[in-house]
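Sharing a structure, written as structure tokens. Questions coming.
For clarity, chains are labelled A, B, C and D in written order, and residue numbers in each chain start from 1.
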Amino acid sequence: MATDKLEEIKTAVESRFGDSILSFDTKDGRIVLKVSAQASHEVLSLLKDLGFEHLSDVTGTDYIKDGEFEIAYHLWSHAKKIRAIQKIRISRESPVVKSIVDLWPGAQIHEREDHELFGIDFVGNPDLSPLFLEDWKEIPPFRKDFDTREYVKRRYYGD
Amino acid sequence: MSKLLPRPIRSKGDAAANSLWVINYFTACGFMELLPWVGSGYDMERFGILAVATPRHADVLIVAGYVTEKAVSRIKRIYDQMASPKYVMALGSCPMTGGMYWDSYSTVKRIDKYIPVDLWVLGCPPKPENIGHGIVMAMNAIKGGFGGH
Amino acid sequence: MATNNLEESEISFITIPFGPQHPASGHFHAKVKVDGENVVDLVAYPGYLHRGFEKLMEYRTHVQNTMLSDRVCILDPFSNEMAYVNVTELAVGIEAPLRGKFIRSIMAELGRILSHVTWIGITSMALGLESGTRISWGDREKIIRIQEILTGGRIYPCYYVPGGVRRDFSQEHIDEIFKLLDYIEKAMKLYDDLVFYNTTFMTRMENVGTLTKEDAIALGATGPNLRACGVAADVRVDEPYDGYPYVNVDVVTMEKGDSYARSLCRRGEIITSISIIRQLLEKMPAGDFKVKWAMTKKVPAGEAYFCCEAARGELCFHMVSDGSDKPYRVKIRGPSFSHALAIFPFLVRGSQLADVPAIYWSLDSCPADMDR
Amino acid sequence: MSLIRPFSLFKNLFKKPMTLDFPFESLPAVEGYRGRQILDLEKCTGCPVCSMVCPNLAIELVEYNGKKYPQIHLGKCCFCGLCAEYCPRDALHMTQEAMITIMDTKEAVYTPAKLSQTA
């Protein structure tokens, strides 16, 4: 029963965006699809029309060896009871991506957090001011090249 | 029967010890162990301890757990606004040495570099009996003439 | 949105801090722009409890991370441990034995009851019903006592480990839990008179902070806040994990979506949790409760994603591992993040100033879970 | 009915008060509660397992009577009990004693001598 819902979504997505869908697998009832960064916004709006109306999370991951950030959009469909994760890769030097605030207003703070902790620039997000850290002068702390233990030794245990 | 008779107030410290007012600013996880004290588990009002809203009326500041970089400036400002004699009680291991978050980039490792701390209660977070042990110890010290800061 | 018809330049708004040091705000700061009694705008400033868990977890092994993970949300530690431990097992591909799964679900439901009873106390303190605070925080001692006997720790149980739990339930432990459940059921009648059907509570909470179903879904509401708007979304039913496939969970939903509906949702959840624990205790299998898990066990490279139903909503952990014994990246999606930073400012605009604490605590957002 | 309801409160007169009269009575210690550690000097062989396992780096090995023993800084310890659980010789145990209130931070360091005696 569940598998045909997955196949239905797979055909719908791949028919519209054939080439820009890098991979689409449905292991144990969960959709994980990798998309090229340019088509990410359109694929997300298609997924939203297909019933994935709950945006659970916008996760940033720093793959420093590949020189890329990976952004994972976690979606959930209340009607179909399926979870979908859409992943895109953007370059680490100029991490710019189009904001999805127009699709989900709730995404504004998730993107603001990722901006502060990773340094990813979300074009179109109304407010990207610092969220957690006050007058933070170092590089964004969740990047792999920021070593918290070395920073702590210098900042707190230096005396 | 003798417990019901009012005890004579012998010294200035005696009055201060029986009316320690705590600032209603519970920073972190120690607040969970202060719930029985605020509520009816251990009921701190039996000792004359009251949670007041403004630092002007407060005698005791409880640093109840880890202190982040953002929170330490607020704690310092509240501490400065309190009238002396004032006392600081730190709960748990995080204010003393950074504890669980010793390598976190946003928590302060030693609170006594920012405000003088009079009493450390160990535990992560300390049990209500530990905090009671600390309160009784503080009251006896104040009765004995400990002036605080 | 209540737009006032006066020119903004003619009247000056007052900005009131709903500050970090406030009896009803927890350690969370918000600037409330007020025009007389009506709230015009609210800007939230979290970050007072930000410890950077996701960065710290990259430096510790998985067993040490479970000790760290239950400190994410102070009011509901079991759900965080449940999420971290399950995501590690998914990454490695190990299944905890059935008895371990049952014990985990029982303690998670006990943690939910504890979190809701603490929530009753904080909300009635925010509304000025001091007797509700005194009595619910007194009853809380009995639940914490059972946690102390079962797990050895009070607020932070450090009880779940990847592969099961650290201790077993003995028979008198189970009798203690049954006695506790009867006590809570009796106490619920007292809470009904004291808090839930108390005229002050009802007048302060009804038609205050009404959230429609569309706004709730668009802003990312989960848990009791979403179920109060009529959406029956509960991860224990949609994606059952650990002990939940073996019990039936009746999801409590309301229609109106105002603060009072959210409070009744939490009240119904306490009763549901009691019935779940009873079902779990009757069906609990014998056998071992833990799978051997070396401290420096290597996790194969890959990604794992696990979602569980915390007391506040959908708590999800996303772990990326690179084959070493430490996770490469852990993302914690706390439910309070969207409740306090997206829904709370949205609900408060246009309401009265006196309703700000009522709305804030009807959303039950834990500042530590929001900042991580 | 609502007229006589307040009289139902009289049954509270005969119930035990919810508040614990703290300094004079306290709840019995719970067997299995993780309080302060206690070290068995004979069993301990000075292996570094407990210091590696501790998430807070609270344990370091120091010289005592010519042998290496763990010294626990209770100001860093989070009382999770991993050291007692992973000790190969079963030399470290968690006692129920947790009433530790100090005025000077140096008293939080439990040297092997202090660790091996009960309070």
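Descriptive notes on the structure:
Criterion: a contact is a pair of C-beta atoms (placed from the backbone, for glycine too) under 8 Å apart; a residue touches a chain by one contact, two chains touch by 3 or more.
Fair warning: this is a prediction, and the values are worked out from it, not measured in the lab.
Of the two chain pairs examined here, A-C and C-D, the one linked by more C-beta pairs in contact is A-C. Annotation: 24 Å between the Cα-based centres of chain A and chain C. Averaged C-alpha coordinates give centres for chain B and chain C that are 28 Å from one another. Note on chain placement: the centre of chain A and the centre of chain D lie 43 Å apart, centres being C-alpha means.
Residues of chain D in contact with two or more other chains: 18-19, 27, 55, 78-79. Residue positions of chain C touching 2 or more other chains: 47, 50, 52, 55-56, 59, 67-68, 135, 138, 156. Annotation for chain B: residues touching 2 or more other chains are 40-41, 70, 98, 100, 102-106, 124, 127.
If you sketch which chains touch which, the pattern fits none of the simple shapes: not an open path, not a single ring, not a star, and not all-to-all.
Under the contact rule defined at the top, the touching pairs of chains are A-B, A-C, B-C, B-D, C-D.
Of all residues in chain D, those touching chain B in their complex are 18-20, 22-23, 26-27, 55-57, 73-79, 98-103, 105, 108.
Put simply, chain C touches chain B in their complex at residues 20-21, 23, 27, 47-52, 55-56, 59, 67-68, 71, 74-75, 118, 121, 133-138, 140-141, 154-156, 368.
The touching residues of chain A, counted against chain C in their complex, run 30, 53-57, 59-62, 72, 74, 76, 78, 81, 83, 85, 104-110, 113, 131-134, 141-142, 148-149. Against chain C, in their complex, chain D makes its touches with residues 18-19, 27, 30, 32-34, 53, 55, 78-82, 85-86, 94.
For chain B in complex with chain A, the touching residues are 69-70, 98, 102-106, 108-110.
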